[in-house]
Amino acid sequence: MGGYGDVKLLNDDGSRLDGRAIDESRPVEVKVGVIPVADGSAWVKHGLNEAVCAVYGPMEAHPRKIQLQDQAVIDVRYNMAPFSTSDRIRPGFNRRSREISKVTAEAFASTVMVERYPRSKIRIEIEILSAEAGTRCVGITAASVALADAGIPMRGMIVGVASGKIEDTVVLDLDKAEDNYGQADLPMGIMPTTGEIAFMQMDGDLSMDELQQAIDYNFTAAAEIHDIMEAALRAHYDGGDE
Amino acid sequence: MAKQVVPQLLRQHLANLADDDERISGRGQWQGRDVVLEVDCLYNADGSAKVVWGDTVVYVGVKFELKEPYSDRPTSGSLMCGADLRPVAHRKYEPGPPSPESIELGRVVDRGIRESGCIDMNALCIVPGESAWMVIIDIHVISDGGNIFDAAGLAAIAALRNATVPASRYDVGEDYKLAVALTPIICTFTRVGGRYVYDADEEEELGGAERLSITLGDNGSMHSMQKGLKGTFTAAELSEILDVCKTRCSELRDLVDSKVE
Amino acid sequence: MAKQVVPQLLRQHLANLADDDERISGRGQWQGRDVVLEVDCLYNADGSAKVVWGDTVVYVGVKFELKEPYSDRPTSGSLMCGADLRPVAHRKYEPGPPSPESIELGRVVDRGIRESGCIDMNALCIVPGESAWMVIIDIHVISDGGNIFDAAGLAAIAALRNATVPASRYDVGEDYKLAVALTPIICTFTRVGGRYVYDADEEEELGGAERLSITLGDNGSMHSMQKGLKGTFTAAELSEILDVCKTRCSELRDLVDSKVE
Amino acid sequence: MGGYGDVKLLNDDGSRLDGRAIDESRPVEVKVGVIPVADGSAWVKHGLNEAVCAVYGPMEAHPRKIQLQDQAVIDVRYNMAPFSTSDRIRPGFNRRSREISKVTAEAFASTVMVERYPRSKIRIEIEILSAEAGTRCVGITAASVALADAGIPMRGMIVGVASGKIEDTVVLDLDKAEDNYGQADLPMGIMPTTGEIAFMQMDGDLSMDELQQAIDYNFTAAAEIHDIMEAALRAHYDGGDE
Amino acid sequence: MGGYGDVKLLNDDGSRLDGRAIDESRPVEVKVGVIPVADGSAWVKHGLNEAVCAVYGPMEAHPRKIQLQDQAVIDVRYNMAPFSTSDRIRPGFNRRSREISKVTAEAFASTVMVERYPRSKIRIEIEILSAEAGTRCVGITAASVALADAGIPMRGMIVGVASGKIEDTVVLDLDKAEDNYGQADLPMGIMPTTGEIAFMQMDGDLSMDELQQAIDYNFTAAAEIHDIMEAALRAHYDGGDE
Amino acid sequence: MAKQVVPQLLRQHLANLADDDERISGRGQWQGRDVVLEVDCLYNADGSAKVVWGDTVVYVGVKFELKEPYSDRPTSGSLMCGADLRPVAHRKYEPGPPSPESIELGRVVDRGIRESGCIDMNALCIVPGESAWMVIIDIHVISDGGNIFDAAGLAAIAALRNATVPASRYDVGEDYKLAVALTPIICTFTRVGGRYVYDADEEEELGGAERLSITLGDNGSMHSMQKGLKGTFTAAELSEILDVCKTRCSELRDLVDSKVE
């Protein structure tokens, strides 16, 4: 969080610079099956963020040393395309992407029924095409839909959502200016069907009360986005999309 | 990358089809798949295009950066074109440093654009010896359903023709459209079942042999060629392909023209 | 890294212990291991600390370098925090580029320190737009006996509070103590045998599930959280942990205070 | 191609700056067996270019995942020595070298009788010692001779040759100035014994007629160089060289 | 060696800048068992140098291609912590560390009874925490003690010692200033129990007579440090240390 | 690199030969192989040499670059010497980042040249604090038939003595010969069949033990030593070798002298 404090992020009427209410998410769109050669795939647009995800597998895990004897390995790559941000990103090794890939993989290892596929691997490939704050959450949402499209059994779909703090006010779903100049960010991966949290990071400055408010916003938003994800999957299998 | 034995069965099947002048997809020898081209589709790119070409999907984003010119060409901007065949695009792709396949793809598209002279490098200069634009073309293959060269080449030139020079972001004036004088187009031919076909799909590539990629400019002259994969050809076979190539390139150039203006 | 099947036996044993409100080490659910903190222990570091936390041993060294500020923040210094889980620290660690585990460790400690605002970045500036201090925190884990996050976080803030800005080495004045306004502390909780415990040791980590690391500042507000490893939790479980977290953080902050002033 | 157009590359009498006729190749020298520890080796000097090539194998292909069940893998490394160019080249990863290695390997996979050596590997190591335009072709010529020296059965030797365009004129075998300031370059790998083309790249600007002329020049030159290669091999096995 | 010659390194009374006699070593301290999770470990402070060493193994050597059929592989990593020197060292690849790791591994392969552990690997992990000239020697000393602590059978403990030349005088155990401005350095790894030399490097300028003097100093110092190492091991096993 | 069990048979054979004071090649204990030295043999190098030493073939190229001097030595040029044991040189070498073997080779040759003081670093300075020559020595082993240290060291000093400073290429005056005051020479001894021999060949290295490489200057003083590979030696053995070393170094220095002037 930049936390500069000298940038105005709320209008005088309490609304946000882009006109949203403090508990209002940016619009979310979901499409299923956008990558023909993948076993499952999805496209998610969340505000100005855009992500695609391909799922491959389950397949034999190789090299053998990564195999787990009693479950599948979840192998996630979160990657930002070079043109996804205002300043171009050089392709290649990137500490931020590695960390996000790790915690995203751990989230899905908690919800995919990995014990059904011993010694195998499920590849989740998340590509961020446009980034405007909140891409790790958009990637998680896309991955859940792609896993469902691939027919991988899960205990539920994880929804990526975030709340944060700007001008000492807790708000849902920070956009780029709010992320740059705000005071805190709390991205979470929530399974609305069970109430479990499979992914959580936080940085900035939050009191315990503010944390509770942010968590509440996230749960509400997750339920709403979950409906959009289900609708997209239904539409796809009814042959209704596009 | 794990290499599999290409089933003899597939090769034989493709050969039998070729004998009857047929293809596995039902297409004619020189018939391409449906192509959907979309431009200006990536929010943070300075120029962008998406091509859906059969089961192949490619995004291209163009970005500009201000750089000091090379000392031996003080009034010249520069061009960089790279491709990444990331694991998203096929189960056969693995993570890691750029594979020879992705390097070849980036360099072949690069040469076609660069050698056509479609961008005036001197027009990219802001202050001689001090600053000039570098044009960076990033090819992002999302789904490899065959013939990624042509899909990537098409998306690259369309994204360039869609590009806006972000002068205001760098405090060097107002944004303006990049001038792109020509529209070089790549066409790729693959030996399948013993004869050449245009626009091989995934199965045809798996059971096929060498690949010839040719970039033609607006006036029909050639700007790049590349023979790839195992196999050989004769000068006579090349001549035959070049005739088809002209027609296909014209059609695809018309498609670009219809989208960018 | 070679992954082994975690013995069902260990998991079962840990679950049985948890049912009786016991731990493998005999500790209580929220009881930590003995911690020995030493500062100013590395001859060539500008600030240093060593933490022996049960079987875990971590050194942290702080170094300063003069850099040109980023153009969009001309009056601001910078902070860099990295961790290396080198093969010295456990037979499970292998040589090679930074593993995801070591990247996560460095970034979680980094965020807790950075977001607490304990260092005034503008105070690190020497000449606006020309030179400012970069503070570099290197976490060197020598023995991983479990809960390296808390040991590394403790050593990092202690080393920072021990640090002297080496102005004379860079010919920009006399050395002075780095001003560190706050003492952010990390506490980590791990699900073991179905319930959360504080400060898991090596065996508990091997047979445990997800891990929650929380950084609290002096006034009790939260500066970073990180859920790691396979497993999920509920909002109610998080609340319970946060209460314990406050107490543990205070105790460890007192330990730092007792050593650095 | 630089294609500057403002550099004079032809003399008034139509000859080239170094005195060659437009259809004249630079001199080519070939030596066999220059690397004692290799299974086969060759040295080629082509104008001011100098290349050596070692061949090792056939040997077991490892790691196993690179093995092909029904044929040998051709593993080519084309490398420019750091001192081979006017500005020193840093050792290490290099996109240009990777591409040339790939297409060179594919050329030899087309002509070596790879099906005789299933699951094995043939290593072709090309080192450029001096570079003055056209090194990929010189490397191919050297590799063909080294393969022959190693006794690897081939359908024919590939000869590396190039033609190009300078001052709107098609010429054989560009030297460095012509390469830097010319308008087109067409390197090819030709098997004179069968008339097949195993390697081809092109960049610049060529009309269809100019292409035909350039191809004709290349075929003629390939036949001549093929004779030099054969003579060197004969001399070596007759014990006549050095 | 810097060998500037214009820096005074000896006092008028013939003693050194830090007061030592020319045949006097810096003080050496040894602790055993400082890394709880290792199979054996040691900490050595030698002047202002500080090193720790962990030993793991013998364990199965993998990947299999590094295995030796009739002996153990000795796998040494010598690494300088980023904060160990006046100017911070970037983590990662480093030619100097690779060379020291190689020759150190070769030294221990000469003294550990590797033939008792075919197909296995013994890992020796040397970490330099503070560096003030002579770290490769301190690392060797620490590794010997850590191997002993791990119960790995050896023909003897190698002691790391160095002599050098300053102001045309041979002296024992160069400190940092002497190393920077001196004329020669001769680090050696000596087994005092057998008189064998398992490690040796040298750079600078030494006559044959000076070499002999430097070797003599090194042998004497090695015997003394060997006593300190043995005392530390005895104290540790008697439960007497710390 | 795949390591093979060295056949006991070879070791035994070498020991038997040593007992009879013989070598596998028929040479005497201190006898080297034939050496052919050629200089000025690489068109684009500023200095060059080729050494054919038995079955070993090494090229060395010297290049110069203008650099800003290090801030703590503003009037000093610099020297860089590296070696690449590329797969061309033996079937045992694999592609990839520099192996420990190649790093050691480059560093041992570097130390011998650097420590001899044969090049006056201050004479490489053009403008103090602004520009000075960096001398770059690249060792390119083409065929490893044993004893690459001596072949590389010989080619390196010969290439240096052949070198011309390319001042005109950098617009800083006219080209001139690099001043090289001394001719340091490396000699390597290997334990084979229990005793030391000079100039081990490929088979002797395979069945031998430790290796001692010694660089001597013109006046007989020592500039570098390196013990490599598994094995130990005594101070007495070192003395014996040093006597032979002096003679061999003189002979090779004469060879260099005969070629470069």
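Letters A, B, C, D, E and F mark the chains as written, and numbering starts fresh at 1 in each.
Note that a residue touches a chain if its C-beta (ideal position, glycine included) is under 8 Å from a C-beta of that chain, and two chains touch if they have at least 3 such contacts.
Everything numeric in this text was worked out from a predicted model, so none of it was measured.
Quick check on the contact graph: shortest path length from subunit B to subunit C, in steps?
2
What is the minimum number of touch steps required to go from subunit B to subunit F?
The fewest steps needed to get from subunit B to subunit F is 2.
Could you find the chain whose CA centre sits the greatest distance from that of subunit D?
C
Of all chains present, which has the mean Cα position farthest from that of subunit A?
F
Determine the centre-to-centre distance between subunit D and subunit F, using the mean Cα coordinates as centres, and give it in whole Å.
About 31 Å, centre to centre.
For subunit A and subunit D, what's the span in angstrom between their mean Cα positions?
Computed from C-alpha means, the inter-chain centre distance equals 51 Å.
What whole-number Å value describes the gap between the mean CA coordinates of subunit B and subunit E?
Centre separation, subunit B to subunit E: 57 Å.
Counting only residues that touch at least 2 other chains, which ones in subunit A make the list?
Residues 62, 65.
Hey, what residues on subunit B touch two or more of the other chains?
2, 97-98
Given the touch rule defined above, the chains close into a ring; going from subunit A first to subunit C, what order do they follow?
In ring order from subunit A, with subunit C immediately after, the list is A, C, E, F, D, B.
Residue numbers of subunit B touching subunit A in their complex, please.
Touch residues, subunit B against subunit A: 2, 42-45, 48, 55-57, 59, 61-63, 65, 82, 84, 86-91, 95, 97-98, 136, 138, 140, 142-145, 169, 202.
Using the touch rule from the top, collect the residues of subunit C that touch subunit A in their complex.
The contact residues of subunit C facing subunit A are 1-3, 5, 97-98, 100-101, 103-104, 106-107, 111, 114-117, 210, 212, 217, 220-235, 238-239, 242.
What residues of subunit D sit close enough to touch subunit F in their complex?
Within the complex, subunit D contacts subunit F at residues 34-39, 48, 50, 52-54, 56, 59, 62, 77, 79, 81-86, 88, 91-92, 123, 125-127, 129-132.
Within the complex, which stretch of subunit E touches subunit F?
Spelled out, the residues of subunit E in touch with subunit F are 1, 3, 65-70, 93, 95-96, 98-99, 101-103, 106, 109-111, 186, 191, 194-208, 211-212, 215, 219.
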